[in-house]
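Structure record follows, encoded as structure tokens.
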Amino acid sequence: MRKLTMCLAALVLGTTMSWDLAAQSSKVTMHFPFNSQRDTTAVFAAAAKYAKEKTGFDVEFVPYDGFDNYNQKLILQSAAGDPMDLVWTSSWCFNFKDQIAKSAFVPLDDLLAKALPNYYKYVPKLAWDQLRASDGKIYTVPFMEYPARQEAIWFKKDLAEKYKLDVKAVEKDYRAMESFLAAVKKGEPDITPLAVGSNDSVLWHFGSFNPVVTLYNNSVVYKNNPTKVVNSWEQPYLADGLRVANKWYKAGYIRKDAFSVKDLNPEIKAQKYAVGWLAVVPNAEAKFKAENGFDVVIAKLGTPEIGGDSFAGSQFAVSRTSKNPANALKVLDLLNSDPVFYNLLANGIEGTHYKKVGANRIEKIADSGYDPNLNWMLGNTHLAYLLPGVADNFVAQARDAMNKAQVRLYADFSFNQESIKNIEAAWQTVFNEVNQSISIGLFDPDKDLKPLLEKQKKIGIDKEIAEVQKQLDAYLAKKK
Amino acid sequence: MKRKPFPWELTLLALPALVLVLVFAYLPMFGIVMAFQNFDYQKGVLGSPFVGLSNFEFLFTTGAIWSVTATTLWLNLLFIVTGLIGSVVLALLLYELTGKKAIKVYQTVLVYPNFMSWIIASFMFVTFLNPRYGMLNQMIGALGGEAVAWYSEPAYWPFILALVSLWKGVGMGCLLYYAVLAGVERDYFEAAAIDGATKLQTIRHITLPFLYPTMTILLILAVGGIVRADFGLFYFVPQDSKALYPVTDVVDTYVFRALRNMNEPGMAAAAGLLQSSVGFLLVLGANAWARRIDRDTTLF
Amino acid sequence: MHSSRLTRLSIHAFFVLLSLAMLLPLISVITTSLSSDVEIIRQGGYTLWPTSFHFDAYALIWKNPFQILGAYQVTILVTVIGTAVSVLITAGVAYTLARRDYRFRKGLSFFLFFTMLFSGGLVPFYILVAQVLNWRDTYFALIVPAVVNVWNIFLLRTNFQRIPIELIESAKMDGAREFTILFRVIVPVATPAIATIAVLTAFAYWNDWWLGLLFINKPDMAPLQLLLRNMLSNIEIILSRMRDMPLSLRVTNQVPTEAVRMAMCLIAAGPMLFAFPFFQKYFVKGLTVGAVKG
């Protein structure tokens, strides 16, 4: 008897998985991470009213407190088929590729021109192309910010001057800073030369110097031989990089206990480091000083590029459970082309939460009850009113930087990992064992690389390389 | 033979709990099939394709699962033993005391760590173990010793973990056993004293037997969880430091790290199912063993 | 029988030392919540006693008190109601299972125990509570799924089993029904055990963020531990995924200082520290109530 009821119950529950809860078709729900504000309700009500006037839809904003919270909840809601319309997604929180692989989003190709007319035109074609999934369809609407990506190294200015650092030489080859590191190590007992923690790696940042482009985990192609996929761990450039990091670690330029440093910022602010990393943005030096309280000189590495997270850092998608994807996109279009709507959500109500001090420039009112810092998330940050410290021509600068930047090779190649999921999971466990020691330079390539390669073989890394090669060949054939 | 009437009243008393368990634990169990599926949101549990055992593969390809399981087993065993001895000894000692105020204070202090989450606990211990700013190294430095990079020295960690686990759990355990003793009339022990038994004899032959049923049940329950590790203890307290993996990587953290960057409900379900099954077999064994010793203290 | 004065004094000494050792981590958290990150680094490390007092962390948290006050309200309500309901239901089923003459004893024990090991996973559970029962953003979602804790049932059952069957038999002779026996005969004898279960349950409700994470989204329905957890896990994701974030989000200042994290920990845990001695009344009472006549 119990078995019977169980089976029945399972059946009932099972069918609800595909059973959509009734939702009004004129309502659009929008889900995104947020940090709770005192005036959230008032601002969202004002925004919903404005959206209703402009589009005729009732927009319901559904904020989630914090990124991790959002990530966990949305993965679950998406898997369980909760009714949702617009959902925020990205490369680093609620990963969009995973969700697309699980058919959680609606393909948008046919809708974009009709339902997202303004923003579809505003976003450059290369952004749409880079976000295409491995099946060639577009599932997400990207954000527009400052897409050009370039890594840089900061040097504490007083020390750089004291020890006569040649910044230009570092820009050509990061190894040129070695003598500076040695001098700091010798002359400044209280200061660790390199700011390295378990979350931050030497190698990642020197990646700008690498002669390859990464297509997937371990699969890379050389820029000068871009059709042959190889295993990055077998390449001399990687061993060289590891060797430098290991040498610096042994020389004491990196803390011996860097393992246990998760957050470098307090120590950076306490001026315990001489060298660290940052991403290039306009006025990077001033921004750094405002955050950390001391002057730096910056060496920019490599050339500005577009690709990777240039557009993927913040996006919106339409959930498969949406009753009317076109309506959802229309709301998104308003959000990303109407400055009033956009700034209402981003900055709150004029007079209460911010003051206008110029045609397009505002100042926030302190402790006003609404300051969520979510410009970047809504999509088109180019609509945002300018805050103190942001240049008048920020949008022009961003466009200019984007036009000048190089589009990364194969930026629009999207790998489908479905057939090698097991290898991916096994690789994660293998990589986890060495990840942190690589991050801090403890990894000795002459000793530790061979066992790693053997483990790679054991989990079937060759299958990964072959699969990437196969998909790359197909991609290249289609391009022609 | 005369059939006894159906025990309505007793069944009714048990009913609310049984219904809740049926609804919240048994109903969702159809999700176990996900371990054998390539779960697709659009198709749901009923429609997703079955893929045999391929969701289990990632656990076995590197062979690391065996060493990770060994770590889990031996550390859990260590915690169970130290926890049991610690709690019982503390309960016995506490029972020797008479001052109600003092007992109250000790109990409160012993129990408070139980409501600190592991994340909070990990912050607490960083203030001691941080290699540069931690108080332990400051103390070692003051005594003229060499600072220890705690988060990169695996040798210390079984000890540290056992200590931390004891810190968090011993108070609650002590309270459980103390509550059992508190329910026993003191005359019981007085009689023994009059018979001329020494303190240790009284404890061994009179006091401890009162605790055996609780000890057995807690042990059996603990055995069921022996292949499952307390995730927070092993992930947050060692600060996820790789250098410590040889002694701190347990099944739960291993699976978490493997699937952290992927969203694969099927693979997660597979790992969970495997742990459950092993735990289940172990408990059946433990229960049978308990039955041989004392029929009354078995779990079922 | 009580030990000699000397033995007792040495046991006291032992407990005093032990208590101090157990308290050290708590003291360090209080101290850290009152200092500044940069100061800790400059002065060379954490200390047990603050070198200077900063109340910035608390000021910052209380600047937006609406959320914390609301969270207190939710958590207290959930803890009180949840504990009461849970103890009542647990006592009922534990009594039934403790009766050796109950026909389905073994089967039901197994039925309960099985759920300690096997679970269907998150997705079906979520579908059940959020979609079928439609309990999103309600107190039901925070209370009902946690009412039954099998571990507690077995613990209480074991305690009930120690009570001599004669007590029950004689009550039955007097014509008492099972309900009456449970509440008039068993419960008074097993007060310490029931109080222990109540403490365990209250802690579990107080510390629960999991149900909140799954089913609560309205800010004014968030329990205390969920707020704390969201803050801490948010820091984790910001620190570890900084490289992939939009440039304008890579602002290190958005990571709360260590002092703020510690202050938040204390605010979340604090009330339980004060509530606990209240429960204890019952353990000490149990010393004198004991009804097991030898």
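Read from first to last, the chains carry the letters A, B and C; within each, the first residue is number 1.
As a convention for this text, contacts are C-beta pairs under 8 Å (C-beta built on N, C-alpha and C of every residue); 3 or more make two chains touch, one makes a residue touch a chain.
These figures come from a predicted structure and were not determined experimentally.
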| item | value |
| --- | --- |
| B-C against A-B, pair bridged by the larger set of C-beta contacts | B-C |
| Taking each chain's C-alpha mean as its centre, the one farthest from chain B | A |
| Geometric centre distance via CA averages, chain B-chain A, whole Å | 38 |
| Inter-chain centre distance, chain B versus chain C - centres from mean C-alpha coordinates, in Å | 15 |
| Chain C: positions in contact with at least two other chains | 40-41, 122-124, 127-128, 258 |
| Of all residues in chain A, the ones touching two or more other chains | 13, 17, 79, 81, 262 |
| Chain B, residues touching no fewer than two other chains | 26-30, 45, 130, 132, 265 |
| Complex contact set, residues of chain B against chain C | 4, 7, 9-11, 13-14, 16-18, 20-21, 23-32, 34, 45, 93-94, 96-98, 100, 102-117, 119-121, 123-125, 127-128, 130, 132-135, 137-138, 167, 171-172, 175-176, 178-180, 182-193, 199, 202, 210, 213-214, 217-218, 221, 224-225, 265, 268-269, 272-273, 276, 279-280, 283, 296-297, 299-300 |
| Sites on chain A touched by chain C in the complex | 13, 16-17, 21, 36, 38, 40, 62-69, 71-73, 76-77, 79-82, 90-93, 143, 145-146, 199, 204, 262-263, 265-270, 272, 279, 281, 291-292, 309, 312-314, 367, 373, 375-377, 381 |
| Chain B-touching residues of chain C, taken from the complex the two chains share | 1-3, 7-8, 11-12, 14-15, 18-19, 22-26, 28-29, 32, 40-41, 44-48, 89-90, 92-93, 95-97, 99-100, 102-104, 106-125, 127-129, 144-145, 147-148, 150-151, 153-155, 157-159, 161-162, 177-179, 182, 189-193, 195-196, 199-200, 203, 206-207, 209, 225, 228-229, 232, 258, 261-262, 265, 268-269, 272-273, 276-277, 280, 283-284, 286-287, 290-294 |
| Touching residues (chain side chain C, partner chain A) in the complex | 37-38, 40-42, 63-64, 66-67, 122-124, 126-128, 130-132, 213-214, 217, 219, 222, 226-227, 230-231, 233-255, 257-258 |
| Chain B contact footprint on chain A (complex, rising order) | 6, 9-10, 13-15, 17-18, 75, 78-79, 81, 95, 98-99, 102-104, 198, 255-257, 259-260, 262, 320, 421-426, 428-430, 432-437, 455, 458-460 |
